[in-house]
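To keep things simple, chains are lettered A, B and C as they appear, and every chain counts its residues starting from 1.
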């Protein structure tokens, strides 16, 4: 039942009395948010959580749509596994590595123990400034965590052994992502230095992108991709699926960036919605201009990657740049991603879905853009952050992939790669009943 | 931390004191919503925003699923471009054309200047009765804007030149849609006359539908569609994709209609959810009855269009009609859309996805239904609004399409149409690796 | 405009005065939630409503992806119809059968009359503890209702007559589901006995699963499925579609379980998000372990069903078990679903999508798990509930299917089954233009 707002009698209460009566609000301002504000903040963070969850479906659709039909089951299996492994490992170790409370090795490493525990004050304690529960905090961050490993998935698609990929994923998402994350979001050394990464251009996307680069180098290109010194285009098999993936990623980004406000603050969340949307749209236009100009045709995969480029680009500074800057950042990201895709292909690094260009190249761009477009942040500090994450993530990914390669091999056999991983690894076809080109 | 709700002592405070203590609420009722109410309203409007965003994916899926495989990349490219162009142009000019504040030419046209500016009071100012931020206002309306152009996309599919379509879209979404919108939602002449269109049966759907009709007339039918005086059915290539599209549109409509309350008002938003859902469901049953009755078979595409017909039909009056009226409006819309599809086809107007029937025919029906089922609104005024939007939108779309045709041509060559726009315009196939029927 | 929180003067108001000033909160605690809390609760319940709506798209994708291409239109038609019939019948009779207020036959049956009526106090009345509107209450429950019938759809796919299925659905969703639901959620005899089913492991999933079992028994297996005493695997035709379906179901479950809190209570809703997510993830790992172990291959369809198994399993107790228990419940559900699929196939019960294993077997497991992992609930009472719902649902479904069979037949002709229901029932192909294997 909605309460009445008092009678006309009290509307004429004296001003002096009104001031006194406002005291409860003063009290709450001291003690924390009101019960209502706590509830709306928490609700928004849970909405953001399910939006970030959707991104895992987005990646699954994008990656399978952009690759060949014969490897589709394999990619879907990987993406379903990654979110599951990511959630479980984050519950056991990741969350407490990323938010250790106290660091035990400098400001580089800390661990708050195994498993989830809302602590003595229980679940009702407001955890952050925005005031939401411990469980909300965990599940929002857990949805983020698996993203980094999923980014790797697309780059190494169509030739990596399933078991080896899952082993890499488990280690990368359980240990490397959260340790790296603790440096900034856990209050570690880069946070104290003033490095800024609002929602993870570097902490999520570049960390994933560096892992992708390490994997691509160690795996080598798909058979025939660079045979006889020529670059062979290997077309994706399902453009509607890829497009669904990109739109779902864009949708999920409203939670990825909007939830990174860590409250339902109307000003900040709505600004973030605007900067995020306009950067994505400008990324499409930038990639359209670049690909129509350079490649002389309107390339669907390029504008799809352009929207993702704009999104990755705005992620580091979505709350601190102007809307005009957001459009510029997105547009430039759209130009850059086209150039990066072409460059990486010419460098004979075989990345079937353009993951390195989208997530690493544009992640770096977005992080540096904060230093360019926000007066409050230092370009040099941003550069230091980019470099530090690059060294750590690439080295860690390389070592893990190398170890897995030594232990079990990374790559499927040539026959299996030719006939497809779906039959080879899973004994199953993605499109049973359809006639495919041999 | 959740505040305690006072001790047992205060629970026995005298009634007189309680009345005095309620004064803060009276104060807020005068000064505006509480900080908490502001936050929940704003949060709901942002949820509605991402729901409307999903509709663009819905259109992309529906349109590509309902057309031939050889034109899929082209449709996906168009839909990805339209949302991007729509957002950017709405930021530069559309928003300030649609909500000009002051009109400069009668109550027909006004322009508040180029670009976005939250104004002197900043982003924290509550903008509308519902109290949300300037940025929220912009991004919610921006997501709407591109919808009108997307509606055109489906009707002109499979034969329009990409560049010509994008030129039309840019002008239609940047200028025509917002000027037309200002007449009602911007406080213009139709608003002052008492015309009612809650969420856009006319302002969005009919405006899009009239544009579609103009395009279809100027383009002419697809090759072979009406050869030798017979109507050739050209089947859509992917029914799961079309179905995904319709469900996503229905989903998005919860934000399209639910957000049009412009606050999180529990009564109105929940009523709108009910009228919207029941109208969509009744539309399915209406179309099922009509198509099973007339065509003697249960036609999937007809019930899909039936749900959209119900949704378009309820959009004008979702907050002012009873739930029983909503079911009737939806059911009739489902009947009408089947009749309209058949009629338009017999008139040799080639609309591959039924966009004109869904958005124009049912948009008119829904707008007039407000005059029938709501005692507070005049049927005649509704009719005037329908006619005014018809004349303006059709004329504007016709002129733009005509100008584009004169400047660059509208239609691809016959060979390209036969082999498909995907290869012709984009040099790319949507389903690489699949064997298609020639 | 955001209100100021008072001046520094009032921050020093005496403690005694503060206590008095907190009295309004005490007043609201007696009279009901604040206007703000009412709004945020209602908003969350509407978000949960659209999430549950998404599950119907999830089922449509999963069921069509897991079956043959030639029956796709038929499945999509069924799923679009079921949600529509479900919403309309729930408005006319279901809601008032499920929440009768007073029971007329023991605590087994009651009916509050035909149609929707917010009652004398109007829509503004808070309906439940969580305080949301009558319309919110209806539409949230209505989205649930159709789920039970949709579960049946997958199990009887590829051979049931369309009209016969729709007749069954109408009766099952309009009468059986709500009467069964009233026993617990309507305050009936099982509720009074202490039976616990938070969000419907039994009330929704098992009720659907028993209906599926009855249908499968009366229909018999698809042609050739168990010919010559051998089990023939009939592969699904579209794994990306099936995967999209599962992710959308998982997404929808955030509303299915999260909304079943019936308020936006931060503690409970966030806990439910965590238990739900971790159970789904653990279900994937459980099914992966079982299928990789037993079948010696990583089976995508098994891990997809594993996630659903975890979700169904946690649904009965998502708010009362620990997160560790949730992971265990999910993991065991993942093991069980693999065993159940194999067992049911060996029993020559032909369930093309594994609906009985996911919804019935794991629904029973989840309901019993509440008795195992929650100290507050009795295993025996849970068992009684499971049995009661089993007897009633199975008997009712059997009788309805039997009656429909007698009146109109259940099964399409052999030729139609061989050539596919799409052409036979709908005169339409799902993938026009694609070459399919004969």
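Please note the rule applied: a contact is a pair of C-beta atoms (placed from the backbone, for glycine too) under 8 Å apart; a residue touches a chain by one contact, two chains touch by 3 or more.
Keep in mind the model is a prediction, meaning the values are calculated, not measured.
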Superposition of subunit B upon subunit C: rotation angle, C-alpha, nearest 5 degrees: 120
Shared interface numbering between subunit B and subunit A [over half = same, under half = different]: different
Centroid spacing, where centroids are CA-atom means, of subunit A and subunit B in whole angstrom: 30
Set of subunit B residues in contact with two or more other chains: 3, 21-22, 24-25, 28, 35-36, 38, 40, 43, 47, 124, 238, 244, 431, 434-435
Subunit B partner contacts - residues on subunit A that touch it in the complex: 3, 5-7, 9-11, 13, 17-18, 21-22, 24-25, 28, 31-32, 34-38, 40-41, 43-44, 47, 51, 68-70, 124-126, 235-240, 243-244, 246-248, 250-251, 254, 258, 264-267, 269-271, 273-274, 277-278, 280-282, 284-285, 288, 297-301, 303-304, 307, 323-324, 327, 431, 434-437
Footprint of subunit C on subunit A - complex, ascending: 1-3, 19-30, 35-36, 38-40, 42-43, 46-47, 49-50, 53-54, 56-57, 60-61, 64-65, 72-73, 76-77, 79-81, 83-88, 91, 115-116, 123-124, 132-136, 138-139, 142-143, 162, 238, 241, 244, 425-435
